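Two complexes are shown next, each including chain A; its partner changes from chain B in the first to chain C in the second.
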Partner chain A sequence: MPGDHRRIRGPEESQPPQLYAAEEDEAPDPRDPSRLRPVYARAGLLSQAKGSAYLEAGGTKVLCAVSGPRQVEGGERGGGPAGAGGEAPAALRGRLLCDFRRAPFAGRRRRAPQGGGEERELALALQEALEPAVRLGRYPRAQLEVSALLLEDGGSALAAALTAAALALADAGIEMYDLVVGCGLSRAPGPAPTWLLDPTRLEEERAAAGLTVALMPVLNQVAGLLGSGEGGPTESWVEAVRMGLEGCQRLYPVLQQCLVRAARRRGAATPS
Partner chain B sequence: MLREKGTRFLVDSVGAEQARVLETEVAPAQAKAREKMAAGFKTVEPLEYYRRFLKENCRPDGRELGEFRTTTVNIGSVSTADGSALVKLGNTAVICGIKAEFAAPPPDAPDKGYVVPNVDLPPLCSSRFRSGPPGEEAQVASQFIADVIENSQIILKEDLCISPGKLAWVLYCDLICLDYDGNILDACTCALLAALKNVQLPEVTINEETALAEVNLKKKRYLNIRTHPVATSFAVFDDTLLIVDPTGEEEHLATGTLTVVMDEEGKLCCLHKPGGSGLTGAKLQDCLSRAVTRHKEIKKLMDEVIKSMKAK
Partner chain C sequence: MTRAGARSARADDVRARGSMASVSLSEAEKVYIVHGVQEDLRVDGRGCEDYRCVEVETDVVSNTSGSARVQLGHTDILVGVKAEMGTPKLEKPNEGYLEFFVDCSANATPEFEGRGGDELGTEIANTLYRIFSNKSSVDLQSLCISPREHCWVLYVDVLLLECGGNLFDAISIAVKAALFNTRIPRVRVLEDEEGSKDIELSDDPYDCIRLSVENVPCIVTLCKIGYRHVVDATLQEEACSLASVLVSVTSQGVVTCMRKVGKGSLDPESIFEMMETSKRVGKVLHTSLHSILHKEESLGPKRQKVGFLG
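Up next, the complex of A and B:
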């Protein structure tokens, strides 16, 4: 990259070979609109992070690590009544700092490591969805750092990152009200608005609209919602949200099992 | 010794039967107390703690001074990349993904392609790294990998040229560290080698009439890997003792580090010694011979992995 002297210099610009290849007609296969791809989740695999989780759903691979809580200077003094349950007043509550990174080889086209606007938007979405679930009042003047790394994008990357981040927070032993489960949806272009749950990369590329829902399954409360694309009738969006919430509930038992296994592994490793 | 004294005391003050019962309860408690003391000693005086182990010619994790951690290689896991590999060296994990693109060859070498390595140390691998532009350690690692590629001639850049002066391949090698527990350079070199062996490039022909490239994604060829550079890292303790494959803690306590990159036929590709305590010629010779044995180990591992992939 011109001007980026911290990295090894490559050519000024380059094109992917797919541009010159014969046009392949890759239509996504027809499928049951509410099918969820099988999920593989594992917590507690990084040695240097306080808590970590790896989630694989179809072709999407996400790794998430949590570090902290770390003391942060510059908090305001006192102020406001204390929250219920011995929590710090609102001004002293802890902060959650989220970072979303896409590996350069994660998508069809190579992306320069220096992300850009989209990664920041997704990091903000992560933070907004995780905040309701974490008891930040129990970590006054502290900062929790959550970093998500997308190794391969096979569709509904943000949903997978949300789920992995919540698992990593639970694995780190951070006090939470509930886990956060994410689910992605997309709608193909055309007059008949059929929403597809857990889209693959091909379906997402051809979509006219996309939606990511984050749910706290036990409390049955929506933690986050991010949607964009061509409008349709309001009923179709409502239908999509309902489908997403159902999908999240179906995913929950897998994540519970994953955390139980991780706790067992940790218990077996330190017999004290 | 302490335990015998304790038992005798117990037998004297209490009946023999009761002493036996108490003994089985006291011993594990003593062991726990000893463990706690060791952990405390490790926090307060880490260097002394290590010296005690090094005197017995071993390390806290049970390894010998010349022993490597378990190495595992997994290739072809990322399907969006043209070639990928994940290498785990004990706890240290590095993933390498290679993407191939077209570019115009450099004006001063119109028959050569590009190989662009990039090592990324994100905050998720260790709490000492911050998000943002690459820090010093990442830049050093990137430059080291670029040197290894250049010096060992692992790929002939001329092989990457499609049409001299007009079109060449550029291989973007992105190495991301997932877990930082020391010895990052070894893991990166190994991951790069494994990923390059896994890369498949589609066939490209230049259409004479339109002068445009035509890519056939169905026909793919492996790269021609000419050499297999393997890196071996050492840490120097107290200016005298050399240990192989340092963990994160050992790197922190070391007074110097050394990385040797060996080729087949015992050819030295690259030697990386960023300051630190000096080494005598004899010690350096020991390092080189250890590097040769390590090369054989890694070559065997790679061959097994490639064979198992091709068999699928």
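Up next, the complex of A and C:
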């Protein structure tokens, strides 16, 4: 007989059984603190977006799409001197709108996509890191939309999203000063903590502190920085930032190759 | 200088970062500020590492468990903390927690009218969550009443009354002062023979638990202007700077959060210099704040309250 829902009432709230399961105390394997996971990057894969990129690093999978430049109404009235190199005056510069979304199946537990909170904070971090690299003065009264979708979170998600967003912008042909490369770090708790470069999801969950750095490799300028937790004294954070910047430099040749391949593919596809 | 002279004929509407209050600065004013900072001399005569005069007053709102008001130059912040009972979070059954809410009032600047200030409010609230996200800032276990069932939730509400530059620093000082002033009523859990629990409030209204704010961090914002960085920038100085670094330090020099804000990029060496400065400045800020809070408390309940029109 099917359950009688009116007389046999189920519990008001239920939780998945994994929550009460004994903690699998498998400590993450000891590894070289400055190893970078192998990265697979591909640009120009979405047909509907102006530019797109897909990045996979270990278990982290990010897909990023760029659309625009689109004319935006109600811009401020022009005025003021023009910038260097034929750029628009400060009041007419283009805008960059970033959106970061986490797929509901990205983490271990299903999370319904909420509007605010963590996703807004990461979208703001994306915008602050990409703005120094994009020549917004060349797109007056226009708006560029960058949307990053995290398909699976395997550690250092924000760093992967930053790198994918920069690749997508380059693939869209937006004028940039330099690419932006992101790198994640985490500090394990314990008596002699060290900073680990490019942490996996397990290492990030057990971490006492986390940090994401974004670097423009050729100009050697830090475009973005976001970190929090019990990282210890300033010297320890300085060491972490140095490690992160070095990791970004090591990642750069892979991204260059990815863009060259994408350009070749585009050239071969349109024989004219 | 001739190029700058030709440009100053038209006022250049330079916007301070993001959705904050905008200020109109001409090219000449901008050059004046930048050149002055290179010589360690700011417009109001301060050095690069000096704060403006800070006025802190606690216990300004009577309906809260704790409150504080901070005035830093033209920036005016009011924080109220209310302690309410709630259920602990699933992952941390033995701890209470803090909830932050930041409201940018339309009095601060006309741009915050309606929903204009929501974006800035969420940004500040997210930063506050981040700086309190580690175990050592506030002793959350003391907020637990009975594990998995009841705990104290501290709702920290920040009200931005006037925006005069350097919001994050002022807000963190106000939050620390309000947490110092918070008085949480002491409760006991009584268990019956049948096992049902009852929560009993003590009879004495002055019997409270106080939070230890020794390890609560304060935010130090360093704005990069030209080749040097300044602490506690006014709105005009913020308009001249393209990038800032926000560091949250405790009184022991432990950093709990680090963030780069703004549209520009920074040299790695200047970031390292800024972090050293933030440690120095943070220590001085914490010692003077501690001494002032203890001095205010020692004046006792008979002290003269200044309030809003003093």
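Quick note on the criterion: the second predicted complex is superposed on the first by the 254 of 272 C-alpha atoms of A that agree within 3 Å, B and C clash if a C-alpha of one lies under 4 Å from a C-alpha of the other, contacts with A are read in each partner's own complex, and residues count from 1 in each chain.
By definition in this document, a contact is a pair of C-beta atoms (placed from the backbone, for glycine too) under 8 Å apart; a residue touches a chain by one contact, two chains touch by 3 or more.
Just so you know, these numbers come straight off a predicted model, no measurement behind them.
Once chain A of one complex is fitted onto chain A of the other, the partner contacts of A:Ala65 are limited to chain B, with no touch recorded for chain C.
Within the superposed three-chain model, A:Leu149 lies in touch with chain B and out of touch with chain C [touch as defined at top]. Legend: residue contacts after superposition of the two complexes on their common chain; A:Gly117 is shown touching chain C, with no touch to chain B. Look at A:Pro16: by the touch rule set out above, it reaches chain B but stays clear of chain C.
In the superposition on chain A, contact is made by A:Ala209 with chain C only, not with chain B. In the superposition on chain A, no contact is made by A:Thr270 with either chain B or chain C.
Counting contacts as defined above, chain A residues 15 meet chain B in one complex and chain C in the other.
Of all residues in chain B, those touching chain A in their complex are 32, 77-81, 84, 91, 93, 95, 97-104, 106, 114, 116-118, 120, 122-127, 131, 133-134, 139, 142-143, 146, 170, 172, 174, 176, 178-181, 202, 204, 212-217, 248. Those residues of chain A that touch chain B in the shared complex are 6-18, 20-22, 24, 46-49, 52, 59, 61, 63-65, 67, 99, 101, 103-108, 110, 113-114, 145, 147-149, 151-153, 272.
Every residue of chain C that touches chain A in the complex is listed here, in rising order: 7, 10-15, 27, 90, 122-123, 126, 130-131, 133-136, 243, 245, 249, 253-268, 271-272, 275-276, 278-279. Considering their complex, residues 15, 19, 76, 79-81, 89-91, 116-118, 120-121, 124, 128-129, 131-133, 208-209, 211, 216, 219-234, 237-238, 241-242, 245 of chain A touch chain C.
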